[in-house]
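Dropping the structure in here first, questions after.
Naming follows writing order (A, B, C and D), and every chain is counted from residue 1.
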Amino acid sequence: MSRPETPPITHIATHTDDAIYVRDASLVDELIGKVSFTDMIVFHLMGRMPTRAESRILDAVLVTLMEHGFTPSVIATRMIALSSPEALQAAVAGGLLCVGSQFVGSMEAAAGLIDEVLAHPDGPEAGARIVAQRHRTGRLTLPGFGHHLHRPDDPRSPRLFAIAEEAGVPGRHIAALRTLSKAIDEVYGRHITINATGAIAALLGEIGMPAEIMRGMAVISRCAGLVGHIREEQQHPTARKLWDTVEHTVEYAGSKGTRG
Amino acid sequence: MSRPETPPITHIATHTDDAIYVRDASLVDELIGKVSFTDMIVFHLMGRMPTRAESRILDAVLVTLMEHGFTPSVIATRMIALSSPEALQAAVAGGLLCVGSQFVGSMEAAAGLIDEVLAHPDGPEAGARIVAQRHRTGRLTLPGFGHHLHRPDDPRSPRLFAIAEEAGVPGRHIAALRTLSKAIDEVYGRHITINATGAIAALLGEIGMPAEIMRGMAVISRCAGLVGHIREEQQHPTARKLWDTVEHTVEYAGSKGTRG
Amino acid sequence: MSRPETPPITHIATHTDDAIYVRDASLVDELIGKVSFTDMIVFHLMGRMPTRAESRILDAVLVTLMEHGFTPSVIATRMIALSSPEALQAAVAGGLLCVGSQFVGSMEAAAGLIDEVLAHPDGPEAGARIVAQRHRTGRLTLPGFGHHLHRPDDPRSPRLFAIAEEAGVPGRHIAALRTLSKAIDEVYGRHITINATGAIAALLGEIGMPAEIMRGMAVISRCAGLVGHIREEQQHPTARKLWDTVEHTVEYAGSKGTRG
Amino acid sequence: MSRPETPPITHIATHTDDAIYVRDASLVDELIGKVSFTDMIVFHLMGRMPTRAESRILDAVLVTLMEHGFTPSVIATRMIALSSPEALQAAVAGGLLCVGSQFVGSMEAAAGLIDEVLAHPDGPEAGARIVAQRHRTGRLTLPGFGHHLHRPDDPRSPRLFAIAEEAGVPGRHIAALRTLSKAIDEVYGRHITINATGAIAALLGEIGMPAEIMRGMAVISRCAGLVGHIREEQQHPTARKLWDTVEHTVEYAGSKGTRG
């Protein structure tokens, strides 16, 4: 490993003794007190301030993903908070490790399908049909579709579409997702709901966010939700009882130590 | 471990087939598209919507802590992003583990000092003097004071005070911190700046946030900053060069394997 | 922050094009295939190979802490494995975040009490009595004592003492812990068991391991246990059912969304 | 989500008031003090005690992966240890998040190639040639081959093969990897070393470990190495200097805040 010849370069931030600059804006003079946290997320990530419409859409996305009850991420966070109450950041970090391929983190895969539908040379209808058939034939998971709880429809998705349309967006990604949804219902012969992560993949596509960073929005939003659960754990603890419940639910398959 | 007799109880959320409720508000009908992410953080955590002043103050706090260059949290995040680009959430989680006692997570300790100053039976001046002298005598770290980069003053603190005062807050915590600052300068015989985490401890105190959850605000804010650094790492990678630089900087104290 | 004037120095490892040295031993020629993993842990950490007795004791410690059923660490790990099966390392990491102050990580606090007993100028009996009384009076947690499951006695502790004595150790730390145990039973007026982390704190003290790194042994041991649980989750999944059970156990305190 | 109808089942462990059983063996009477940590890892994971040969091989694997200098995992761990010295487990966890697809965690992908070579209907030579050509044509990463430091050969691999052969193993996986190596050198027209993770994939295959859990061995081994680095950080800190070095190495691409 030879010493690098050119230095690593960042476009994000620098500082002097008496100033901090984020993407060339003075943190103290131009950002603190002048922009919302949501706007700052866009500015930091994409290097430009969002339009009012984009800002509304991102707020809606971040509000949507914060909370959905005692999900795996909340359970993990509460177990860590019980074990290491002195390390709040660890409890959040452990819960965020659940934002993976299976649940909230699935939006980038959904965005990939939307992009595929949009890019098909014979138009979105043809693209949607091909995507639907490939998933049906291969019995593949359909990212952005279906929900184990919300049936027949995830109530968050139509609301998210309505907000985006009200705010005013080009609408291409949302249209492509709807086209895909129609093709899926036809090919599968039954209705499968567009779930919240599917709708969010379309909304974030509308504001120009690249698919490979979309999961980051789920991480930021869920991070805030997990802090709320830690606060509740501080005031009204549940983790010990959850642990006890799990202990009494799991059965041991061996022959030893049979309880009661 | 006996099976728990009463069930664990949550005040945060529940759901039905077609609705999600967060603190009894319908996520879909009353929250998504109607409140900002910042407002939702307060509502989720504290069970009430913030006033306009509180909302402005929390935005300022969250914007302040998002970014400060290649801090330990950013370095950790970029190392993980280099090693596991497929697990964005892990890179964020690893960086958040740096929000501990030494840097951004120090605000709860600062809030503790402010509370001690406020609670002193002989008034804040007496309390401030005692806190300052105890730290001076015991050569203790002064949470909320001093900064290794920003000298003589951290530029973020006066700006944060100005925003809070402009927004309109009771002002007790800010006043107590200023009293403490004066006592510290006198007892130490030199000026030690109120740093950003100190100022933030006061501001969050003003909006009624309990000290033991304040670190959560640093975690949420830094979470967003780390997502921005991962995005840069995807587009303009630096981690490999940083690793090479570290490799060439560290010297081995043993006798073997001396490199050129 | 000025550029450091002297380089950071490591005593652990270096490498050349064709060799890796760990504490001046050639990894390839002197370590791989010649020492056990347990011996390598001591060599890497303490810079010397363990005696046969020390090696036996550390093996016993690492075997002891690997497994204790569906603890918070196992629950956290399985939740993450369910959510991100593609990131095995994240599931382990999340579970390890549970090795904190409350459970397996408590051995350093126990070691602190043993050291205090040993250091008392009037001898261990006097030291033990003072420690016991301070904890009784202040209603403080007694690290290394008591167990929520194993009553009246944690079966692991006498076994660990027997192994250490059989292997041959100075015995000072074990004797001090027993003295402390006697004092505690007297002061509290009832028998409180020495638990496994208490016994381990004494054993690790016997082999010269500093208190501030003892938690690391719990981390290594539990790490291996968590890998076993992930393997079971791959073959015989439980996490989804555990999640469902938690969902049905937690009750919502609000008025909305009451489920049947 | 309906309540699960059958309980979740574990084959790993159970406990009573006075005993703990791991895979039906009494932890206290049959395992602690009687088996090494390495043997316990196999027993816990695979449900059977290893043979002497398997035990030696796993020791060699675990010793091999513990240490390789200031890798990304070590850098991440030291950054977290600097920031949260009170949470040793978090520093380890953060470093382990680096055991991903790019470095030490790549052994499962290497095992996949070995399995493909072994399974080819026309024999391993044919399988090896196809694998080599597919990677060459697609310019794909070759898991288990190449090393950025060790050229022309990774010294760990021949040593690992020698230990396995000396210990006595069937040898099919090692033979397949050598066949693949030969095919790669021919197809690429130059020698590409079998690296340590490649060799380890073959060795773990020889002892019957499934590919999907192999990364777990890297995690356990590296976990121990990271504990050693935290201990050094406690005694001879480097992290602050590494941070300073990084700060002075990264250049800001914007126009503001240029530092002299």
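One rule holds for everything that comes next: a residue touches a chain if its C-beta (ideal position, glycine included) is under 8 Å from a C-beta of that chain, and two chains touch if they have at least 3 such contacts.
The structure displayed is predicted, hence computed values, not measured ones.
Of all residue numbers used at the contact between chain B and chain C, over half are used by both chains, marking a mostly same-residue interface.
Across C-D and A-C, it is C-D that has more C-beta pairs touching.
For A-B, the matching interface among the pairs C-D, A-D or B-D, defined by over half of the contact pairs being the same residue numbers, is C-D. If you average the CA atoms of chain A and of chain C, the two centres end up 35 Å from each other. Rounded to a whole number, the gap between the C-alpha centres of chain B and chain C is 30 angstrom. Between chain C and chain D the centroid-to-centroid distance comes to 22 Å (mean Cα coordinates, whole Å).
The set of chain C residues touching two or more other chains comprises 1, 7-11, 13-15, 19-20, 69-70, 84, 86-87, 89-90, 93-94, 97-100, 105, 149, 238, 241-242, 245, 247, 249-250.
If you draw each protein chain as a dot and join the dots that touch, every dot ends up joined to every other dot.
Touching chain D in their complex are the following residues of chain A: 1, 7-11, 13-16, 19-21, 23-24, 26, 84, 86-87, 89-90, 93, 148-149, 249-259. Interface residues of chain C, counted against chain A in their complex, comprise 69-73, 75-76, 79-80, 82-87, 90-91, 93-94, 97-103, 105, 238-239, 241-243, 245-247, 249-250. Those residues of chain C that touch chain D in the shared complex are 1-4, 6-15, 17-20, 22, 27-29, 31-33, 35-38, 40-41, 44-45, 56, 58-60, 62-64, 66-70, 87-90, 92-94, 96-100, 105, 149-151, 153, 155-156, 159-160, 162-163, 166, 210, 212-213, 215-217, 219-221, 223-225, 227-232, 234, 236, 238, 240-242, 244-245, 247-248.
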